[in-house]
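Take a look at the structure set out below.
Letters A, B, C and D mark the chains in the order given here, with residues in each chain numbered from 1 onward.
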Amino acid sequence: MTSYIVRRLFATLPVMAVVALFVFFLLRFAPGDPAAIIAGDDATAESIAAVRVKLGLDRPMVEQFVVWVGQLLQGDMGVSIFSNLAVTRLIAQRLEPTVALTLSTLFVAVALAVPIGVVAAWKARKLVDRLAMAFAVLGFAMPTFVLAYILIYFFAVQWQLLPVQGYAPIKQGFWPFVESLILPSVALGITYMALIARITRASMLEVLAQDYIRTANSKGLATDRVLLLHALKNAAVPIVTVIGIGIALLISGVVITETVFNIPGLGRLTVDAVLKRDYPVVQGLILVFAGAKVLVNLIIDISYAFLDPRIRY
Amino acid sequence: MFRRILAGALALAVPFAAADVQAQEKVLKAVMHADVRVIDPVWTTQTIANIHGALIYDTLFGNDGNQKPQPQMVGKYEISPDRLTYTFTLRDGLKFHDGSPVTTKDVIASLKRWGAKDGVGQRLMGFVTKMEPVDDKTFTMVLREPYGMVLESLGKSQSSIAAIMREKDALTDPQQQVKEAVGSGPYMFAKDQWVPGSKAVYLKNKDYVPRTEAPSSFAGAKIPGVDRIELVWISDPQTTMSALINGEIDFYEQPTNDFLPLLEKARGVKLMKTGKIDSTQGMIRLNHLHPPFDNVKARQAMYYLINQEDFLRTIVGDPKFYRVCKGLLTCGGPYENDGGSELMKEYNPKKALQLLKEAGYKGEPITVLSATDHATITPATQVLVQAMREAGINVDAQSMDWGSVVTRRAKKEPPAQGGWNIFVTTSGGVGSSNPVLHTWIGAACDKGLFGWPCDPEVEKLRNAFGMAATEEERKKIAKELQTRAMEQVVFLPFGQWDTPIAFRGDKIDNVVPNTGLAVLWGITKK
Amino acid sequence: MAEASILEVRDLHTQFRTLDGIVRAVDGVSFHVARGETLGIVGESGCGKSVTAMSILRLIPPETGRIASGSIKFEGEELTRLSEEEMKRLRGHRISMIFQEPMTSLNPVLTVGTQIAENVVRHLHVPWSAARDRAREMLDLVRIADARRRLDEYPHQLSGGMRQRVMIAMALSCDPQVLIADEPTTALDVTIQAQILDLMIELKEKTGTAIVLITHDLGVVAETTERVVVMYAGRKVEEASVEALFAEPLHPYTRGLMRAIPRLDVEADIAGTRPRLQEIPGLVPILTKPIIGCAFAPRCGFATDRCRSEAPPLVEGSAGHTVACWEVERVRASA
Amino acid sequence: MAVVADDLDLPATRRFSLWTAVRRNPTIAFGAVLLAALIIMAVFAPFIAPNDPLKLSPVNRLRPPSERWWFGTDQFGRDVFSRTIYGARVSLIVGLSVAAFSSVLGLALGLACGYFRKVDGIVMRIMDGLMAIPSILLAIALITLSRPGLGIVIVAIVIPEVPRIVRVVRAVVLSIRAQPYIESAIAGGTKNLKLLWRHVLPNTLAPLIVQSTYVCASAMLIEAGLSFLGAGVPPEIPSWGNIIAQGRTYFQIAPWTILIPGAFLAVTVLAVNLLGDGLRDRLDPRLARRL
């Protein structure tokens, strides 16, 4: 197992290299001169040039790239053009909300989706199945922000049950933390619920057609045991795969959700940084996201071994 | 499995639940119009940086609610009879947040840096021949001519305040931002708790010695009212409104006008009209460098496309909060006048096009920088573009976020090479009420603001205004200036409007109307 | 007869809804199983023999199929009228079943021990530890060496023969009165086939469980069963004791099947192949259309116009030997 | 189900008729009808919409739905009904062209990767790299490369989608390549191009078509998301995303500016998804697992 993990980690190096290369040059080709932005509202051409020299933006791109990679390897992601703060610090202080939102969303999505998918597969082609799937597909079709506004309007503004916006770090107490995450996770979770519910249903349908389910039924086992143990455990691998894909997609959804609910996470940091051409921050963030994705894939792959005894590394 | 996860979650939760102890601290949560991204108020003209700066830095003078300069850091001062030599003595008890005393060295360095960067400061420094310390607490400022706006400039609240920093910070190149935000003001910046894009935190400066006079805008006693101010950034106005109604924030600086009826109805929420002249003025800026607007006839033709009611109704809606103003100086302000107003007598797109053609316009595309994410500038631009299209002008509306407009508008190249012809912006009414402080009215050619209007006559009148000794003289010059600037079309005004402050009346007290800049330090929590 | 029978199926009709119409998979089949008896049900793929087995346990998927009519009596109890809950208590307990594919009939993600023990826990209401002991006993019984270790293994760690032994252990773990074995040896090697069949016979002797052995292989029937039911196109076409059937098959279809038996007594030639089997010409009829006359008529060398227009009733050809054929006499004469 | 498959060989004769097609596949029919209606609405927008979707009318801002303005007006006094009708054009153009471009690109790259081992290594590394970047962030970054416009939005959505298509196509190609008949054809000296054209391409079409419907649906949602974040098509173009994004500030005072275009968007995405589900069930039942 350990050697497998090590091999996998090495295998991700080229991917990360591609990401790094891509991000670096993408941003260098983007219009909008960071030096002009840094130099201020009424900067002269000379002061802009001075800033450019100071940031090393006047040097050849290859040299800039090498310098950047060299710093990266030392754990230095550079300094934000706007706030003059270290990129690592900017990312670190926004990590918790995004991780919390992602996990809680995943929890909501899975907690809704798996039962829906299981029931739909169990009652395949019946009314329950049609309704469950219609709900799931509609959840997917609904733009997250529209759903978010509807939820805010009722749960926060009308009934005042939950906060409208913001994020309470877990160190401010568990309940405020949970409270601040409920609406965003539900709004975002509904979208991913659809994805997971559909794959759960499909996977369960396939499993339910298998001989060993017939065996389990021929033993007169209770329905819940057949569905939840015999079937679901077998259906788990594709479901977990999709959950993994879901985490990657979630990051995109997180950007919008963080904006609507005003959660100070990585998503908003990225959008702001891209729109303001804060190169060092964008570079750092995209690397972090890519790294996270690689990590998630690894965890998913390892989890297969726990779900299916036939898989060994 | 689930049991194990649950147990884990609880184990995590328990120690944290106990950590909720800071509840006794009095915290003001305020949502301003923008996020604090730059901590150097001198380096940038952003209003939010100025709000930030006004919390942590002190100024030599502060303009009061009537825009009269009153001493703030200065204890006593003397002006020589020829109005050329100013002697300032700092009052006692001034200390920076790091504990070091404020000395005249700090002050002079700070004024020099400010004078190199800020427009008003540059003008002031243009008259200053030398600044010299007498001792640690006293210094002199010697002028070349009897410039009349010295104290007003030092006490101004809009664009960059004349913030007094430590000497070592003030020696930073004005083109670069200062690295540390250490001032001597009523609040201290908690840089370690700053999350750019989300919130900026200020802690009460317990060592601050306020003045004894009653507070009035930027003048008088600055008494820190709470232990902690959090400037929370919420980009979505509706979310901000809901958060205020839900009691999650205490103060909302600029609620969208359409929300006012909802806020008025909400329990606990109070609205406060901003100060008399603290309105927002809408401006359409033409680029004087490139055709067709390098021709004054073409610029004047644009007046026929401005129906202020259309703009104001679109931006603001309720007539209670807006006002038609066909002048360049704030209507309601001391220098309001009708000089040049007759240029804006009618909306007539046909005539506009006809005049443009007479001025040599041949149907080439006019590049309009169209901001997509600004509460007022975005709709105003849409109204303008529609009017231009109605006239039959070939409009090339280029959409971008406001930040990009800010970058793009600095480009002097022709529109086809990344420049522009028109952009829309706004200006604070307090600054716009004074011809010297109102930098957009200037016409200093290359040295002026984007659009680069170039007219020696306008500049001459602005200088004359600064030199004027009496109020009558000033009023007279203001009218001449506005007439000339309107003829030159330094910008096209499309009206002015008020944005009330919204806050939780049930939770906070001592909110004062704005005079150019939100005053937060005095707010107390119930 | 009725008294001695533990399971009695009468005029069973099982149908499936498909987009092409209703498939009459089982179309009026009757038979009985005596206590401790071994009954063989023989037929080609698609003749409805597996559906018959599934019908007895009421495992026909309700969304597509149903028992349209008929009666299934188990120990005098009418199974078609039991609630689903009552059926569940019966399955795996008093009637159990083993399937053709040992490779796929065991759950790949659960250990062998769990799969056997859960049956015991479910029906005998004993604690898990006791059920595991029982599972180990059963593995010993089906002669799996090192049973204790095997309990914690997963199906993919076992060979095909071992898996079928596990299936048998599982099926017999609650001492059922009837064991329905649906092609239990088809997927196995010939040598393993014989071992499994021997094991089943041996266990039957030991436990007194009646066995319904469903197969397409008359050779297996000959070796294992006491009585045989031959099915074709959802109908019973012949029933007799093994001896009678092999002595004188009366239905042309049965004769056709017999010609297709792989002769175990003929040695394989050097290349390892047995002599080529003779196949029955033609195809199994389409079951969505009502079959007029004898279903086998299109493939039958004896068929007359009557065969093609009128369904033959089951008649007693000789004592205890029934057959559904209009031309019995001609068939008998041709032998 | 296994029982049926085991015991009954279903006959292969089927009479084709519209009714049986609908009955067999109600989702395809439902999705197709819905989508057709939306396309008709988009194409004939100028005849359906009662007002100019761009015309500002400050006097009539934020009017609720009424006889005069069926869906109300927005904060500029523009007719939401007309804007919604025109908005269908943008959403459908984005959805369909993203689906088309990413399919074509993905197909070409996927075929190349699956078939030519040399190409595979490099291209797949790049694809992995692209996939590692969250798609909406990649799209925003790409959009900043050029001045805003429908074209760049389409390109920016296409690029992150391509790797997903490439993967699907490549997987199919690899499995086909392993088939004995292809191996023998290669051994027999059949030209690569001919092989690809005759044997490989037809087999990739089913999963490709199914996949591209999902791409189409998600493209429309991403377009809306980009507009919401202020990085989408220029605001003067009335896309549904823009209508919602511009109305979002007014949700509590003028919910119609958000809910109505939102509902249209949801229904369109739903229709495309249903079509995709139906096609998947019909063309490639096993694809359900791979997704």
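Note that a residue touches a chain if its C-beta (ideal position, glycine included) is under 8 Å from a C-beta of that chain, and two chains touch if they have at least 3 such contacts.
Fair warning: this is a prediction, and the values are worked out from it, not measured in the lab.
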| item | value |
| --- | --- |
| Chain pair with the higher count of C-beta pairs in contact (A-C, A-B) | A-B |
| Label of the chain whose CA centroid is most distant from the centroid of chain C | B |
| Gap in Å, rounded to a whole number, between the CA centres of chain B and chain A | 38 |
| Intercentroid distance (Cα basis), chain C paired with chain B, Å | 90 |
| Centre-to-centre distance between chain C and chain A (centres being mean Cα positions), rounded to whole Å | 53 |
| Gap in Å, rounded to a whole number, between the CA centres of chain D and chain B | 46 |
| Overlap residues in chain C, where contacts from two or more other chains coincide | 59 |
| Chain B: positions in contact with at least two other chains | 236, 238, 242, 401 |
| Touching two or more other chains - residues of chain D | 1, 3, 230-231, 248, 251-252 |
| Residues of chain A that touch chain B when the two form their complex | 32-33, 36-37, 39-43, 47, 50-51, 80, 82-85, 90, 93-94, 149, 152, 156-157, 160, 163-166, 170-177, 259-262, 264, 268-269, 272, 275-276 |
| Chain D residues within the chain A interface of the complex | 1-3, 125-126, 128-137, 140-142, 144-146, 217, 221-222, 224-225, 228-231, 241, 244, 248, 251-252, 255, 258-259, 262, 265-270, 273-274, 277, 288-289, 291 |
| In the complex with chain B, residue positions of chain D that touch it | 54-56, 58-59, 61-62, 75-77, 147-148, 230-231, 234-236, 248-253 |
| Chain B residues within the chain D interface of the complex | 236-238, 241-242, 256, 258-259, 261-262, 309-311, 313-314, 317, 370, 372-373, 375, 378-379, 382-383, 385-386, 397-401 |
| Of chain C, residues touching chain A in the complex | 57, 59, 63, 87-93, 96-97, 99, 101, 104-110, 118-119, 122-123, 154, 156, 167, 170 |
